[in-house]
Every structure is written in C-alpha cells, then in structure tokens.
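This is the structure I want to talk about, given as structure tokens.
We call the chains A, B, C and D, going by the order they appear; numbering starts again at 1 in every chain.
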Amino acid sequence: MEPVVHLRSAVSLLGRFPALAGVDLDVMAGEIVLLQGPNGAGKTTLLRTLAGLVPVVSGTAVVLGVDLCRDRRSLRPRVGLLGHATMLYDELTVADNVRFWARAARSSRADAEAAMGALGLDGRLQDVVVAKLSTGQRRRASIAVMVARRPELWLLDEPHAGLDGEARDVVDGLVRHAASSGATVVVASHELDRARHLAGRTVTIVGGVIAGSGAAPDVAVAAEPSTLPMADESTAKTEVHHVP
Amino acid sequence: MFRDALLVAGKDLRIELRSRIGINQILPFALLVLLLFAFALDPDSGVLDRATPGLFWLAVLFSALLAIQRAFAIEAADGNRDGLRLSGLDPAGIYLGKMAAIFTQLAVLELVLGVGVLVLYSAHVTGWVLMIATCVAATAGIAAAGTLYGVVAAGLRVRETLLPLLLLPVLSPVLIGSVRAFEAARNGNPGEGWPWVGLLTVFAVAYTIFGAFGFGPLLEES
Amino acid sequence: MTSVPTATAPSAPDTAPTATGRIGTGSRGTRILGLVALVGIAVATYLALVSSPPDENMGDSVRIIYIHVPIVVVAYVGCLITTLGSVMVLWKKSVWWDVTAAASAEIAMVTTALTLVIGMAWARPTWGVWWVWDARLTSTAMLLLLLLGYLAVRRIPAETSTRSRRAAIVGVLLLPNVIVVNRSVTWWRSLHQDTTILNTLQPKIHDQMAFALYFAIPVALVMFAWLLVHRWRLAWMEQQLEDRELDQAISDRRAEAASGRAEDGPR
Amino acid sequence: MNDWGYVALAWGVTAAVLVAYALWVILRGRAMSRRLPPEDRRWM
C-alpha cells in the first residue's frame, strides 16, 4: 500500500534557516504517529510542510498522493493542521468561525454543528465572540474548526496544551475515532505519557533530521539526546505499527 | 470561485459590522480630513469651492489606505493567513471577496463623505448620473489595485510604509480621472466627464483580472 | 523551489572560498564594451558641446537636450527590460531573468532620477521655471516613484523564490502603470495647455544638431549595456552567496543532528 | 546664470552620478568576487 506521507531527504526553509535538513519519513494510512524532539528540532516545520504550507526546496515529498514539489494547493483542503495559532477571527462568534472554515472546506453545515457539539461548544458558548473566550475555549474552537473540515490527514501540534483533563480526553477520543475511520494522524507533543498512549509509533526528530523511529514504548524517550539512534534509511522505515 | 468570493466578502463585512473599526475610526478620519482641508484653504476665498472634487477624492484615497490595511490586518491575526491558505478557497475567490468587501466599505464612506461635502462646503451638485458612475468605477479601481498591493505588503514588518509607496502612484490615474469627471459634472458639461469614466472602468477591469491571477502566488508568501 | 540548488550536496570544506583567477565583474567582453562606450561618450560630448551650433530659439541650452534624450531612452529601455524580465519570471520561473529585472530596474531608477534633474536644468532657462506640470515631467516623476516602490519590494528580506515572485508581480505592472499614468496625465494636461518638449524642439532642427542627438542615443545604450552586465554579475554573485550560505546552514544543521546536540534555534 | 551654466549643471550632475554609480557597482563587484570561487563566476 502506498504510504500517506512519503518524505526522502526533504529540505524545508524558514526564511533562510533550514528547519528541515533532509527528512526521511513514511506514514501509512490509519497510523497515529507521535513526533518528538527538543525545541527547535523542526517538529512544527515538519507539520507545516506536511500541510503544504512550507515549500519543500529539495528532496522528495508526497503526501496523500500529492507531490509537494509540484503542487501544494490541492493537498491543503484535505489536511487539518492544529498549530500554535488558533486561526480564528477574534471579532466573530465561535459558530461563525466554525461555519466559515467548514464552508470554505466544502463541509456541510451539519459537520460544523457536530464538531461544535463534540467539543462542548454548542449552546451558549457558540454565540460568544472569540475575543471573549478563555485560552482553553479558543483551543477547543480551533479543534472544532479542524474536525468540521473532515481532513484525511490530521496534523496536531501540541494538541493538549492549554486544555483541562476532560477536554484532553475528548481530543484523544476524536483522534482515535478519526484514525479508526481511516484518517492518518501525526502528533507533535511534549506530553509524552499521554501522547504515547495514543500513538502507535514514535518518531524522533533532532536538528532537522529524523533521528529515530520505533514502537512507542521501545524508544528511549527522556534519555540524553546523544544516545538517540542516528538517522538512516533503515530505522526510518522499520517498525510500522497500525492502530486498530 | 464566485461562491468563495461571496463567502469571504460576507465574512469580512460581518467582521466589520461586529468590530465597527470602519465606522468608529476610518469614517471619522475621512471627515477630519475634510475639516482640515477647510482649515488649510480659506473657505471664504472660493479656493475650497473650486477644489472640492479633488479634496473629496483625496479624502477617499487616504481612507482607502486605512481600509485596505485593516482588511489585511484581520487576516494577519493569529495565523489566519495560514488558515486561508489551508482552507481550499480559490485564491481568485479570496481576492474578489476581499475586493468586494473593500468596495462596499468605500461606497458607504463615499456616501457619508458626499453628504459631508454638501453640508460643510455647501457644494451644489448637478449631473448625478455621471457622479454615481464615476464613484462606482473609481471605487472598483481603488479596491482592485488596493487588494492586490495590500497582499504584497501584508505580513511584512514594513507594511504601513510600503503600501502607500506602492499604491498611491498606481492610483494617480484614478485620482485624475475621478476628479476631472466630478468637475465636468459640476460644471454642467457631462460630455467631458464620460471619457474619464471610461478610463476608470478600463483601469478597474484590468486590475481586477490581473489581481485575480496574481493574488494566489502572493498569498503563498508569508 | 526554483533557485536553491541541490541542497543535498553540502559544500562543507570551502566555507571561506578564496577567489582564484581575476577579481571583479569584468571580462574581455565588458572591457571591449566599456572601451566602445568611453570613446562614444567622448565623441558625443565633443559633438554636443563643441561642434554643434547653438539653437536659434533656445541658444546654448539646446546642448542639454543631447544628454537628456539619451538618458530618457536608457530609462525607458531599463523599464522595458524589467517588465519583460518579470513576465519571464512568472512564466518560466527563471532566475536569470529575475536577476536581469533587478539589475535593469536599478539602472532605470538612476537614469530616471537623472532625467528629472536634467529636465529641470533645461526647463529653467527655457520656460523660466524649474518645474511645469507638463505631462512628460509629471509622468516621469511618477515613474521614479513606481521604480522606487519596485526596488523597495526587492529589498524586503525573504527566501529567494519568494522574493523573485513577489517582485515579479509588482514588476509586471511597471510598464502598464507607466503607460496608464502617462496617458491620463497627457489627457489631463491637454485640456489646459499644450507645451511639450517636442513642440518646442520641432522648428528647424539643424543637421549637425540632429546628428549630435542621434549619435548620443546608441552611445548611451552601449553604456547602459555595460552597466547592466556589471550590475547583473554583481546581483548574480549576491544570489550565489546567499545560496552558498544556505548550503552551509543545511550541512551545519545536519552536523548538529549527528552530534546529537540540538540548540534552541529558531523554530 | 547663463545658458552655459545650466548646460554645465545638467552634464555635470549626469557625469557625477553615472561615474559614482559605476564605481559603486565595480567596487562592490570586486569585494563580492573575493568571497566566491571562480566556478560561480563563469564569465571569467
């Protein structure tokens, strides 16, 4: 089967800084992959590259069958990115925001309502302007936008940050549900305990290259970075675990 | 494309209605400019009366700069530019939508300014048809060029200074054309004004077409 | 995606390349071109300032025309090349044309500014004022502003392909904007008065004067070509240096990953 | 100022600006070429 994400020596720039300095990565359909690594390792840029936001300047990059070196536009509507920014309009209400982005992605109004319901944003909260929401509520609205767009590939950058325990469980539930219904998920997280329960496989990125990959419980996560396995083709490809 | 344009225009106008930046800040600014012109040019000497069409359009042009900055400031907030790029909206649709929203705001602004000019400068008006046609064509041109250069400058640290430098020279034909057409209408020979409306229309159409193609590549750059 | 060369080939050891061979932007071709330009300029100056007679109406101030017109031609050709280069960047994603457009726009900016100064120096003795709201003068002033805007866009720091595409869209509009501005200003002024340089110059142009003028134009174009080649090579080297620094940054980052120490750099 | 004064002004300014610009290009080109190996300067 063709992988959903297929990167070979992919280089991406942030301005003139090579945030990705040659990444090799394969992710199969239905997988949930945990992306970990120190600050500045390139996690966020990798997710933004996979979303088709950051150009790949050299190497191979195919996501959902789209060659990112040729065409990034047709990929983007099929991808959901939950980043540090909420991508919400402060002046609009929660419902306005979710409906606007859902309609832009050609999802139905029912998708928008269902997404708001799933994140507890129905009722009184949906008519509140985003500027007046708390950080956690904004975060939930942002997740609702992503769910409402019904993406095939979920890219989550620190999805648990700023959420309380209950909301974290909701997010985990949504991710599992998405993966079981065929979507693919890549999660970058510092909250390794929680994320490892979720993920079937862990990929470590250091200094803009993949430094190791393995089944979630096997990787020496909190160890000294110098003990991490070196990047090479064999480790990047091995141990693909599917989540039921 | 037009579906996307409607969606974006609706969103932008809804934000303007909610935030009231246009009504609370840009409109007062335009009226302030009218007052300042009156201070600078002695109202009793007749200079103000003769200069009225030019002053009206200068006020519109300066306010348009603010409206265009504002239209892209709402996208600059919290990663919304990324949101637009990820959204799957057709870039030409986004361009037309933002242009339509700016057009609508400027049209309202011109209406209020027009009333302000009538009252404050006690101008008398003839040639309504020509004036309205001029307003529509000129505003479309300002919105079309403004949206295009607005996205060039958007997201840059130097945007506040770059946008006027890029946009105002480009809009100088619009200023000339609309002022001459207004003068022709006021002087009671609309025949002299219609060729200017033609020029304004050509400008607006050309910029709209080019903008619809050029917006996509420009939106890509962050 | 266009300009960055194969980043997978790290140019590790030659971080401080010491240039061998000759230094500078010159070559055999440019030296010949430069020589031709210098000789041409000397002859054109002699024709314009010494051998040609003063004009019946304008007197000696006609000698300003012999430098004014060639400089204007250079400015217009520069704008033309900038717009052409911008079209090619958008069409073929060509780096070569991007550098050409940039180099040519800068020369056009310099010559347009000169055009205005020379024009004013001619207007003062001829019309008695430094500036008139003549269609040509006004639209040339707008041209200078448009060029300044284009160069300002070019100076914004960005990744190479980003910058070239952004500049190209502004550059494509350069020539159409000049034409529209010129037409509208001409149309505007034609309602009021009718003084243009050509009308003042038309009556009885002396053979020797015509020759001084027509000789100076190709000379100016040769000089433009010489400047353009040198400016082009300078811009090309600046771009090469940026690419080189990028290759270096990529191999640095790889080395950082290999040694397992990831510092908190920009994300 | 007579006509020749304006002629001198026009020619003088033009010559000065063009020489200054050409010098800037040449000198910057020389400085830049020291930092690049010859294979990036194929006109040599």
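As a working rule, contacts are C-beta pairs under 8 Å (C-beta built on N, C-alpha and C of every residue); 3 or more make two chains touch, one makes a residue touch a chain.
These figures come from a predicted structure and were not determined experimentally.
Interface comparison, B-C versus A-C: the pair with the greater number of contacting C-beta pairs is A-C. Each chain gets a centre from the mean of its Cα atoms; for subunit B and subunit C, those two points are 32 Å apart. Chain geometry summary: the mean Cα position of subunit B and that of subunit D are 42 Å apart.
Note on chain placement: the centre of subunit A and the centre of subunit D lie 53 Å apart, centres being C-alpha means.
In terms of their C-alpha centroids, the spacing between subunit A and subunit C amounts to 47 Å.
In summary, the structure contains touching chain pairs A-B, A-C, B-C, C-D.
Touching subunit A in their complex are the following residues of subunit B: 4, 7, 11, 14-15, 18-19, 74, 77-80, 82-83, 85-89, 216, 222.
Note for the complex: subunit A touches subunit B at residues 48, 51-53, 73, 76-77, 79, 81, 83-92, 96, 100-101, 103-106, 129. In the complex of the two chains, the subunit A residues touching subunit C come out as 9, 11, 13-19, 21-22, 37-42, 44-45, 55-59, 69, 206-209, 211, 225-228, 230-231.
By the touch criterion given at the top, residues 90, 142, 145-146, 148-149, 152-153, 156, 158, 162, 165-166, 169-170, 172-173, 176-177, 180-181, 183-185, 187-188, 191 of subunit C touch subunit B in their complex. Taken together, the subunit C residues at the contact with subunit A in this complex read 1, 4, 6-8, 157-159, 161, 242, 245-246, 249-251, 253-254, 256-267.
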